[in-house]
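Take a look at the structure below.
Per-chain numbering from 1; labels A, B, C, D and E assigned in written order.
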Amino acid sequence: MTSTSTAPRTDRAAGTGEPVLSVRDLRVEYHTDAGAVRAVNGVSFDLMPGEKLGLVGESGSGKSTIALALMRMIKEPGRIAGGQILLHGRDILRLPEKEMRQVRAAEISMIPQGAMNSLNPVARIEDQIVDTLEDHSPKRVAKKELLEKAHAALESVGLRREVGRMYPHQLSGGMKQRVCIAIAVAMEPKVLIADEPTSALDVVVQRQVMGTLLRLQEELGVAVVLIGHDMGLMAQSVDRLAVMYAGKLAEVSPIREIFDDPLHPYTDLLIDSLPKLERRGTFRGIPGLPPSLHSLPPGCLFHPRCPKAMDICAEQVPPYREHRPNRFVACHLHEEGHATA
Amino acid sequence: MVATASQTATMLTPRSRVGRATSVLRYLRRNPLLVIGLAMFVGLILFATVGTFFIDPAKDPYPLAGPASKPPSAEHWFGTDAQGRDLFAVMVVGTRLSLKIGLLAGSIGLAIGIVLGLVSAFYGGWLDSVIRWIVDVMFTIPSFLVMVVIASLLRQYISIENMALILAAFAWPGPTRAIRAQVLSLREREFIRLARLSGMRGPEIIVRELLPNLTPFLLAGFVAALIGAVYAALGLEMLGLGSQREPTLGMTFFWMQRFSALLRNLWWWWGIPIAIICVLILSLYFISFSLDEWANPRSRRSR
Amino acid sequence: MISRRYLVRRILLLVTVMWTAASINFFIPKLSPRDPIRERLMLAATQGGRNQTGLEAMVEAYNQQFGLDQPLWKQYLTAMLKVVRFDYGYSISQYPRTVNSIIKDALPWTLGLGLMSILIAFVIGTLLGALLGWPRCPRWLRIFVPASMLTSAVPAFVLGFLLIYLFAFQLKIFPLSGAYSRTATPEWSLEFALDIAKHAFLPACALVLFQLGGQALQMRSLMVMTVGEDYITFAEAKGLRPRRIFARYAVRNAMLPQVTGLVMSLGTFVFSTVLVETLFAYPGLGGLINGSIQVLDYNLLYGITMILVFAVCIATLIVDLIYPLLDPRIRYEKG
Amino acid sequence: GTPELPPTPEGSGSPTPEREVPRGNPRKIPREKTLMLAFGDGSDVGICNPYASGFNHQRGMAAMLEPLYFYSTFTGETIPWLADGDPVYADDYMSVTIKTRSDAYWSDGTPFGAKDVAFTLTMLKDEKNAAMTYSADIREWVKSAEATDEHTVTITFTKPAPRFVFDYLYFKNDLGIFLVPEHIFSKEKNQYGFLFYDPAKKWPVVTGPYQVVDWTVQRRLLDRRDDWWAVKAGLAELPGPERIIVVPFTDPTNIAQQLINDELDSSLDLRPPVIKQVVEQNPKIIAWSGREEPYGYVDWWPQSLFFNCAVKPYDDPDIRRAVNHAIDRQQLVEIGYEGAGITSELPFPDFPPLRKYLDAVKPLLERYPTNAYDLGEVERIMTSKGYTRDAENLWVDEKGARVDATIYGIVDLVNDYGAILAEQLRAAGFDASLQTPSDSYTRMADGSAKLFLFGFAGAIADPYPSLELMHSRHYSKVGEAGDISSRWRNEEFDRTVEQMASLPVDDPQELPLFLQAMEIYLRELPHTPLVQWLHRIPYNTRYWTGWPTADDPYLPGAFWFKTFALELTRLKPASG
Amino acid sequence: MPPRDETAREGGGDATPLMELRNVSKVYGGGVLSRTATVALDDVSLTIPGDSPQILSVVGESGSGKTTLASLLLGFISPTSGTVLYRGSDLSRLRGARLREFRRDVQAVFQDPFAVFNPFYKVDHVLTVPLQKFRLGRSKAERQELMVNALEAVGLRPDETLGRYPHQLSGGQRQRIIVARALMLRPKLIVADEPVSMVDASLRATILESLRTVNQTLKVPILYITHDLGTAYHVSDHIVVMYRGGIVEAGDVEDVITAPKHPYTRMLIDSIPWPDPRRRWGSEETGARNGVEVPEDHQGCRFAERCPAAMPRCTQAQPPTYLAASGHAVSCYLYDEKPTLPKERLSALLTQHSSLTSA
């Protein structure tokens, strides 16, 4: 019954050696007038080199907060309240700010949520790429050389080099998103965090952009954390899926297994609520509301909405652990000694 | 004018009456500036009102109320000026007159601004073009010059009310423009559309749906107009265009300057009015600063 | 970059502004019971000596000369034609000097003092505001928020006489008034330039201190808004140097409305300049305005008003024209 | 006839021709050789013709101008200057003959002579020059003026004019006509519009010790003429300052600060507390009374409260008297001038030559007291006139209208005591307030002001000029521009004044006539004297000594008087 | 919910349709002082009969004119050319009682569940105002009852929602209140413009479910506007695919989604990321053209620039609408062997039968 206090074991993707990124018991709080909000409440996971990990969850469940925390870019009134973020075994939470700046983009990179507004509206595209390159170059490199690199980066995401001379407002949404990707991978980082990179795009463009992203991922062998709402997109893009609920991970499993056999009732309901080609005309939402982060329910956070809730669920926080090989879940249903589904 | 694509933040805070008391309290706690500003402003108002009980308003703010050029004492709390005005009384009455000018000009200016802004934005068309044009023109004309011309051409000295009217005549373009911009952005919001679907008509939508949401802008506009009016009145009075016997703050500066208070080390004569002006303007600044954050929540550091 | 339609619209606005200002300036004196020419002659009569005769006849003659005996519409037309030609006739108080010649003497001083101080206020204020709005702003800098509010709360002319008292009178660091030493001879020399700078310092200070706060506070809130933008977050994620993010990403974008705000504040700025110039006996338009109020030289007032209106219009136009250079999103072509 | 106007553009449609003020090219002169004065504003830039509209002798220009005779109000001394000896009147006072000096020269080298005097007078007599100062006077008195030879001028009068030379050809205080160079003015068609300033041509052409060399709104430079004729003639010493710079008088505080910081040597008179500060804070600064109070001397401009006797209720002498009783003159001095002032019971300055007249009128004052602060008397008069008091304790007539007692005055001249006077009247029940709008002059001159404050100038050597000011020839209807006067007339008074006019200055027969006139004045009280006007002029001895003071009262101390040239000859560099 | 008086609905229903767009075009801008004109809707004709309670989806990418279409139907904007008819009369001429009737008959659910509430009022405001304005309910109690019933019908508990401020409710709750509002007014048509694009996946289903309930129980036709083909497929009976202001394909939803005809529709459907790891995205790269030069400013098919099957004739003139299969119309020259379908008949096609509701 004291399971949460034990250090959670890590999940391992199919034996590709050491994880490039390990997150340990990450906690992020926001201080608001109504008290502290635990936006990320003890999250742990590993990311293997070249792996594509999806992160889904309802709005406000803390996905973007994790992304920012991984970049160590949580702003006032937020703060990282605990945990470790090990990049190649080095805890970036302990790095001095100067070094951290060098780590960003070069080792761990991010495409922020709302990429539509992520480009400086008054600077040319190529300058925005050059800025990144310049600030990570050890010594003075000729501007021309950097420009050349910038154009190469644009071409790598399927944009003409003339796009470099343009300003963001002259680009379409898909092009902007590609530029963001180009910038994010320009330094060939080891980890790329993509926070809803396509949520503002049309499906057609979305597919093109995702295609580009995945192609680059493959080419560079970069590990990706893909954050999003859209289970469909996840199904198409990632190897493993992490499902968040109210600041905690509910379940992390390989993508196929999670769709075939969701362990957590929330995951189950979530998948059920999606429109699928097969079962037309059926609607199944999840009853109830996600909890307010200001007043979290005791025990399992999902229990008020859970159709399979047991007494214990209201009392004890279910531990997050590897339930089956490579499948992690936090639910009493899968605790030994309790009934299984 | 320059049309910036994404500049004006037109978000509205979902603030409402529920727990309005607590939310106001919370808001105040987060905005110490507003608290200080309000406290200073209320303090001034108290000073200007309660202070009246300690003076004889028909006599004390005028010459011969006491001995000349005396420093603060039990008899004359803020001392007296070179003609024996009791400076405490002058400050009490002067603050009230300054506020009166400001409030009058501010509210008239704002009222015109509301009407024109709403009409301009909501009905659009040629009316909008005309109003916008006029506002653009008014903005480019340095209003004070026209005020100076008007003021200097009046055969009588400008009374407090006339001063307020003159200032009001130039206080409306700002609010008009701001309110128009706000309404334009609000007009596209879905609750306005829903109101139309609910069978509401133009004027009713303006009054019931739009106006309440403009409150922070109206208040901010009002405070801005108030500051503008107080300044303008001070300036005109410094130029010698004020009402001569009225013991306003501006006339106090005028007399103080004419009677070389600074040179004669009559610190109470110049120090106290400056302090009061500072308190007045600062309090208004603080308030408008906080209102600004209310109106543009994005400018708030924390959400 | 700039379409003809846009230019036409701008110039049309300029013309309306000038026309409106000219009309206001024309009609207000007509509504006034005061008669500046008569006043001027009476004043001259009482000052010069005694026993002035034929005053009424002279008033008549002057009115005729100034065209004031014409029907109103004719006077109006003449006045408007004169505006078009920038011809404001004779000054009443400094007769027989023309308004233009008087303004020509005063304008450089006001332009010098006014432009310099508004630019300084803008640059320092913007920089200060940018720093204050920057999340990594050092704590000690934060005291500038109340400090700049305080200096902005004191009207410029009050600041002016406190500055005079302290720095010119008590400490004798700066001269008390004027634009250059009375004993100096105007010439192109470093010495004289320094003399001018020394004289301009205190009035400029008063104006700058007064304007600074407003500029800084406005920039601060623009900055806070900009810092919340996604592109700043992304810039940080790009691992850029903080300095670069500050200058190229945050300030550069926050500046845009700040520039527009600058134009809006020109009007009030002119007001402060008038009062400060009067206080410092500075030989610019401000002192001239004060003088013309005192003797009701409305020809001169009219001329100055129109020049200032014109200047503000032109300044607005210039800012509008350079704005697309600052903000690539704005183009006046087609739309 | 219609007076000539300054030059106008031909036709109304053509644009106004630019008239630039020509600039001079002055040399450098250090501060210690410069006399820095503050006076006036810059409105008269480039006008050196003393008869042009806008010319103002007070702003240092008197340093260029010389009269036939100087007269010092304080010593009573007459100094023939451009004249050679005293004027010789005909027995019937119908003409006068004056000799001019043979060694006087204009600055362009042309000898000064009788032709210049004759020309000046003839010019002023010309109908088309009616707008010139003194033109009206000269036309009234002078029939002709002729140069009988190079240095003799004979002036014939239209009526006996025993006072003419003293009244018009003497420079005393602000009075006296300017002489212009015939050889230049006679060539000008429009003498009124002629400006006479161009440093390139060395204009103006003057006889005085200084000449304008450069002039902007901010400052006018007058440089010393080292070849001044009076030095060669042995009449005077060369003045000390090589240059005079006159700067505008901006505001008293700033001027005081400049004086304290030695940036100025003298200025327009200062308010009592200010000059006190100036003297205290700069040990080198003195005033008329040295470094003690009252710092000033009595000027010829005693302050009066003028009633507009042509309008209700001030057309009633009793009301005027009631107002008179409401005034506490002592308080005006005590508070208004911080004690450093002098009340005035009669509309005359306390000048030595006038003293015997003033003493003679004392008994009359017992009967008609002018300095009798007596609210009971106010009460009595007002009640007897049917006035009652309203809620605010102010007098109202039967219709309930208050007595309008708005007092107009000229800003900065009456600030000291005006508001206090208004407050006194208010305390006595008159609805008073002080107003100093910029059109005060007009209000006074056209009669729209019911009460106003102004100086009553005139008498210097004898009381006649002051009384003349109350002659009905100065009366004009309300609404019509006229002299600043009480709009009061009294035939008996007129007759008395006319009789005085036919007497020479300070004639023994004057006194009884004077008393007769004063009896009428005091009975009618068209205006009521308040306080003496003191000139509190700071003199900075840091660079210059020799200023006129109580110890050496060679002249009234105002540099803006027409006697300035004479005063300058006494200014010498301070040693050390 | 008591069923509506069916007879009243039928009366004259076949004669005049509830809403009709006749050759409607909408051009934004192009005025005297504004920027270049945008053709948001180009010669669109569509009929909504009002007597067949179906859900008609309008899908298309961003900027294809969906919202414009909705705004025209709701009378928020007026067409640049063509007419919008309400029960046979021109919408822009409606006055007085007729206008009020229209207002009540055609209701809407909007996209943004945040912006649709006036933050100044309690959520009750959106319910009470129309009740007052349309004079529904004779007494306060009756009105209260109407509100309560409506809320319950969409699965909300009135005591949890009424009397609260909008920010105190979740997005889903808010959106359902709006649905309840529409339902309470018993409209003849509900226009739902992207009603679920801003809510979470789990809520999406709930909201669509309540819309569907309204449609089924009250027999109200719904115009469901979305860019999400997945949900369109689920809720609607018929679908209209729009591209740049024009209708490119229309028909029974099952037919269109499972057997798309138009290259654009195919591209859209290929791009849907179905939530099924086994079903991969179509691998076909889009945008590749058929080697056909497409000039900048041609008068032909709007899709020609992006069409993988573009033919030279595609750039010459706009293709007419062909009846590609029964109940399935498409505007593409690929089907020029099929019979053409006059625009007016398009609507008829859309109401013919429904695979879902006809059952």
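Basically, a contact is a pair of C-beta atoms (placed from the backbone, for glycine too) under 8 Å apart; a residue touches a chain by one contact, two chains touch by 3 or more.
Keep in mind that what you see is a predicted model, and the values were worked out from it rather than measured.
If you take the chains that touch chain C and keep only those that also touch chain E, what is left?
The shared contacts of chain C and chain E, listed by label, come to A, B.
Go through B-E and A-E and name the pair with more C-beta contacts between its chains.
More contacting C-beta pairs are found at A-E.
How many Å are there between the centre of chain C and the centre of chain D, using C-alpha atoms for each centre?
39
Calculate how many whole Å lie between the centre of chain B and the centre of chain C, each centre taken as the average of the chain's C-alpha atoms.
22
For chain B versus chain D, what separation do you get between their C-alpha means, in angstrom?
Between these chains, centre-to-centre, one finds 47 Å.
Of all the residues in chain C, which ones touch at least 2 other chains?
As it turns out, chain C has residues touching two or more other chains at 34, 135, 161, 165, 169, 256, 278, 293-294, 296, 327, 329.
For chain D, give me the residues that contact two or more of the other chains.
251, 253, 257, 438-439
Two-or-more-chain contact residues of chain E, please, as numbers and ranges.
Counting only residues that touch two or more other chains, chain E contributes 33.
How about chain B: which of its residues touch chain D in the complex?
Touch list, chain B to chain D: 58, 62-64, 68-69, 82-84, 152, 155, 157, 240, 244-245, 257-260, 262-264.
Mind pulling up the chain B residues that touch chain E in the complex?
12-18, 129, 189-191, 193-200, 209, 212-213
In the complex formed with chain E, which residues of chain A make contact?
On the chain A side, the touching residues are 58-59, 173, 202-208, 211, 229-237, 255-256, 259, 269-271, 273-277, 280-287, 289-290.
For a test of understanding, state which residues of chain E touch chain B in their complex under the given definition.
33, 74, 76, 100, 103-104, 106-108, 110-112, 114-122, 126, 129-130, 133-134, 164-168, 178
Any idea which chain B residues touch chain A in the complex?
Residues in contact with chain A: 5-6, 26, 29-30, 301-302.
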